[in-house]
Amino acid sequence: MKAKDVMEPITETLSPETTLKEAVNRMKVARRGEGWTGVKGMIVLDDGKLAGIVSIKDILRAIIPSYMRLTELGEFTWDGMLEEMTKKVAGKKVGEVMTRDVITVSEDAPLMECADLMVKHSLQRLPVLDKDKRVVGMVYIRDLYQAIVQALLDKEGE
Amino acid sequence: MKAKDIMEQVKDHLSPDDTIRDAVNKMRVVKRDDGIVGVKGMIVLDREGNLVGMVSVKDILKAIIPFYMTMTELGEFTWEGMLSEMTKKVADKKVEEIMVKDVITVPEDAPLMECADFIVKHNLQRVPVVDREKRVVGIIYVRDLYNAIVKVLLNDKEVENI
Amino acid sequence: MTNEAAAATQPFVMNASFWTATVIFLLAYALIVSEKVHKTVVALFGAALMLVLKILEQKEAFHVEEFGVDWNVIFLLISMMVIINLMKPTGFFEYIAIKSAKLGKGEPMRIMTIFALVTAVLSALLDNVTTVLLLAPVTLLIADALEVDPVPFLIAEALASNIGGTATLIGDPPNIMIASKAKLDFISFIYNLTPAIIVIMAAFLFVLKLIFGKRLRVKPELRQRILEMDEREAIKDPLMLKKSLFVLAIVITGFVLHGMLGYEPATVALFGAGLLLLLSGTHEPHHVLAEVEWPTIFFFMGLFIIIGGVVKVGLIKWMSIEVLALTHGNMFATSMLIMWFSAFASAFVDNIPYVATMNPLIIDMANQIWPHLQGIKLLHNPELMPLWWSLALGACLGGNGTAIGASANVIVVGLAERAGRKITFIRFMAYGMPVMILTVLLSTVYVWLRYYVLKI
Amino acid sequence: MTQVTQEAAAASQPFVMDTVFWTATTIFVLAYAVIVSEKVHKTVVALFGAALMLVLKILEQYEAFHVEELGVDWNVIFLLIGMMTIINLMRPTGFFEYIAIKSAKAGKGDPMRIMTIFALVTAVLSALLDNVTTVLLLAPVTLLIADALEVDPVPFLIVEALASNIGGTATLIGDPPNIMIASKAKLDFMDFIYNLTPVVIVLMVVLLVVVKIVFGKKLKTREELKERIMQMNEKEAIKDPLMLKKSLFVLGLVLVGFVFHGTLHLQPATVALFGAGLLLLLSGTHDPHHYLAEVEWPTIFFFIGLFILVGGVVKVGLIKLMSMKMLDLTQGNLFATSMIVMWFSAIASAIVDNIPYVATMNPLIIDMAKQMWPQEAGLALLRHPDLMPVWWSLALGACLGGNGSPIGASANVIVVGMAERAGKKISFMRFVAYGFPIMLLTVFISMIYVWLRYYVLKF
């Protein structure tokens, strides 16, 4: 199996000009494969080109003040701080918080390559590109998980 | 709001002696709060119920991917079927060998910012919540924090309008 | 400075500082061998003690060549590491490795031979650890693809790396140290050691063929996996690769000519590192510098200072008198003794502290045999030269004897273990020790024939 | 050995403006220009410049690495490496976060009080450790506290940067210029304490008064926000109590070592290396790579490169030429020289990095001294009573001058960077608006101090 055999179609995208407030909204209502709603990451397209990817982690990263991330100050926070900081960033643009260096795979990549990239860069999802560098789908970590389950069931079957 | 206000119940756990095959089987049948079947991570408890580790799909993938691929840029030099080949090789490894042992936890009265800080800093998808005696009382998922953010940013009416 | 130099050549007295220095030296070496404490920490703390107790003044430790840190060695190592660190992410080594595997047409025995040769050549020009560290992962991948046992490949690479490293001044730390202390240049190493190494490599490959030739077989469809790999995908940064190769070529040319041009090797390497940093256009040199193997560098510095302490108090001089008494001043016997003793010592303990101790010892011995000579005349005395080459051959080739004899071996064993293929101490020795004895035997014949029979 | 004596003789020979002179001068000037332009990373420039000096044989490698007069000052290098290693081992213990939270609580959540206490803590820590580490560790806590109190963090951050540069001036190990001056002029830790600490205490008092006047009224917060600070438990900051005890023990030992290093005839680097070796040993680490890799290598190699660059121009005589010009200018009046050195150093350090500046000034002052007292040599020359005020003026000028602009000192750069990452951009002019007057004021007071102490009261 290759990336294109397990990838899921892209249903919705963001633009760099979207505000975080709107992005959060869109991610909450986006439809996923089997009829559930809500996704934890979306690609950002600018003029139809892949400009970045935003995940909940990126949004959290924008909310958590930089100095907290630089140090071990996690214990010194107060109740309500997250909510307070969230309000401050509501108007920020997706372009400011998205991950720009998006790691992608080609549609013919073996699953091992996808797994390697996900583990190495600690990713939950991987946009799949065709020969012309256009996004044609997304491989999620759960798709790889399915492949593992498949492999293990095979063995049990033997 | 504090950790205990948004955490979810622990549905099931693994034991250190489980094999990777057992772990995969347990993880795919667990029902979550939102009705979806299957989780991508589970805590590992020893016989006395102490938290000894955590296993996620990523840890299983890590066990499957040969380490020499992890330490180099050899990702392009793989062949089709390699993933299933390697998966079969590790199916009988014990959870103990692949679990993350230094589990990052938060106390139940931790402010949400503390949870968010740990989740982002250590790149986690879930963090166990412990009481004073260090026993696991729940788990906070990234999506729980997300829901907290959503509550601040939108009132539910707005969401329905879209 | 002149006073200090005089002090060094004075007959020693076994006073309190003699014994203090000797105790620090012995304790430090014992701890390093025991591996209870990290060797760098031991060496640094021992050096700090030598300074705090004023056995060696800080000025002597840092500024006096005879006693202190050999900055030529330190900066040669740092600079080469910087160049390699800048080169690593370009994917050059992966390219070479995949290319080699394809050249071997997916045939395991051929791949093993080509890998051994590539390892030997790269180890001669770069450092052994990097070479092995970069080739071993590809080896494991290829073994997985071919479904063969990777262990013979890995051991062959480790052995080839130690053999290849012996060939040049920059190939192996003992050579760097010997070159700096004995003021030998790159070409003298090429002229005196490379011929021996070529013979040894040929013998080694022959032995490999003999042992594994029959056993390594794979199914043709698995070979296809190798042939389908596109080595060009390994190149991550073609522009930087070109820059690196350009600088590496300058550096190697610089090494070849450094004796003629009157440059120290460190100057050549430092220039290369500076130039490549400049060409890379980096605004963040922290990463590249942090990646230097600092524990190794500080291990060297600490050792130099500890050795400086015992040189100053006269322990090394005393030892050299004992060695001379043993060999009755017979230089052939001395060089044979050095070669074989070095080989066995290096097989079991780290060869860096060993060579660090042997260098001043040999110089002290020469001082006593030819008291009227000094400087280059003393160091390059025709009768002394075979001793340097014997030390280099013994210390470098001895590393093949056991799994802990050389860093490359340690790396290979570690990588194999992580891949779930434990190489036991005995299994490594079953391959390594015979190869070591064979290679040192060949070296013995070489030294005897070249320097004592043919005298060329 | 004879080789060395010849080279030393060559170094003190009258210079000739031959090709070598011009080549060395060109490399030196170009390197400094590129460093100032910041087009290429300064470490890369210094290293490549040094490599050129060696490859063109303006300086032999032997001179660069082994001759004290011309080459790398290993005392400076290993003092820096030793202290950085100790700090790297100490950082993860949480000691600095503990101090900072404790200080904020000591200020009872009152912004003005917190600012005063933070400035004092910064000054003391900067005097004993390095400025960058101090600021790097205190700034995040400052930002956290400012968020908790809902006040603007910028004044806090700027005051900390200023306090760090002032505090660092007080001791031999406080600031790189002092380390370099001490090593070159063979001054010990107590000389610095005796000559610089008194004036720095005065300067700190002045800084605090100014801060009080400027911000006293403006900084107000609500009572319930103060409660947030008071509820923080500083003990949670301590991550590794055992290692903390070990670190404090070694740090205490090192400080005692510094205080007595002159009496014991140990070089500062020996003390620092011993401390680093001991703490590494006590930590029981099996992986020293991490701690050593964390050393600020770009800074260390910047120093190494600069020493070689300066060694090259010392050898060809450029520095001698400059020192003669300088003497012509002041006509041998040492008071005038001190004042020029101080003010010029201050202005120069406000605009450019003070490390290359001091690296150049050190041999220049020594050359000047040689021309004034040709019969003296060694310590008698370096520590000539008439020369001492010049060294102190250089130290005061170079260290305090750093306050003049956001790029004047590394601590300032760090603070501005941190503030920007926190979404509070400190513009160049805003920093100058606070920093430059403080710089002028502190250098002015230092001037009076030098004049009064060394030229009027003469003690």
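Assorted remarks:
Residue numbering begins at 1 within each chain, and the chains themselves are lettered A, B, C and D in the order written.
By definition in this document, a residue touches a chain if its C-beta (ideal position, glycine included) is under 8 Å from a C-beta of that chain, and two chains touch if they have at least 3 such contacts.
Fair warning: this is a prediction, and the values are worked out from it, not measured in the lab.
Note on connectivity: the fewest chain-to-chain touch steps from subunit A to subunit D number 1. For the pairs B-C and A-B, the count of C-beta pairs in contact is higher at A-B.
Averaging Cα coordinates per chain places subunit B and subunit C 46 Å apart. If each chain is reduced to the centroid of its CA atoms, subunit A and subunit C end up 47 Å from each other. Between subunit A and subunit B, the centres computed from C-alpha atoms are 16 Å apart.
The multi-chain contact residues of subunit A, meaning those touching 2 or more other chains, are 68, 73, 75, 78, 81, 85. Under the contact definition stated at the top, the residues of subunit B that touch 2 or more other chains are 69, 74, 76, 79, 82, 86. Taken pairwise by the contact criterion, the protein chains form one closed cycle in which every chain touches exactly two others. Annotation, chain-chain contacts: A-B, A-D, B-C, C-D (touch as defined at the top).
By the touch criterion given at the top, residues 66-69, 71-74, 76-77, 79, 82, 86 of subunit B touch subunit C in their complex. In the complex of the two chains, the subunit B residues touching subunit A come out as 1-2, 20-21, 24-25, 28, 34, 36, 38, 40, 57-58, 60-62, 64-65, 69-70, 74-76, 78-84, 86-88, 91, 111-114, 116-121, 123, 125, 142-143, 145-146, 148-150, 152-154, 158-159, 162.
Partner subunit B is touched in their complex by these residues of subunit A: 1-2, 20-21, 24-26, 28-29, 36, 38, 40, 56-57, 59-61, 63-64, 68-69, 73-75, 77-83, 85-87, 90, 110-113, 115-120, 122, 124, 141-142, 144-145, 147-152, 154-156. Interface of subunit D with subunit C (complex): residues 1, 4-5, 40-41, 43-45, 47-48, 50-52, 54-55, 57, 61-62, 65-68, 74-75, 78, 265-267, 269-270, 273-274, 276-278, 280-281, 284-289, 292-298, 301.
Note for the complex: subunit A touches subunit D at residues 65-68, 70-73, 75-76, 78, 81, 85.
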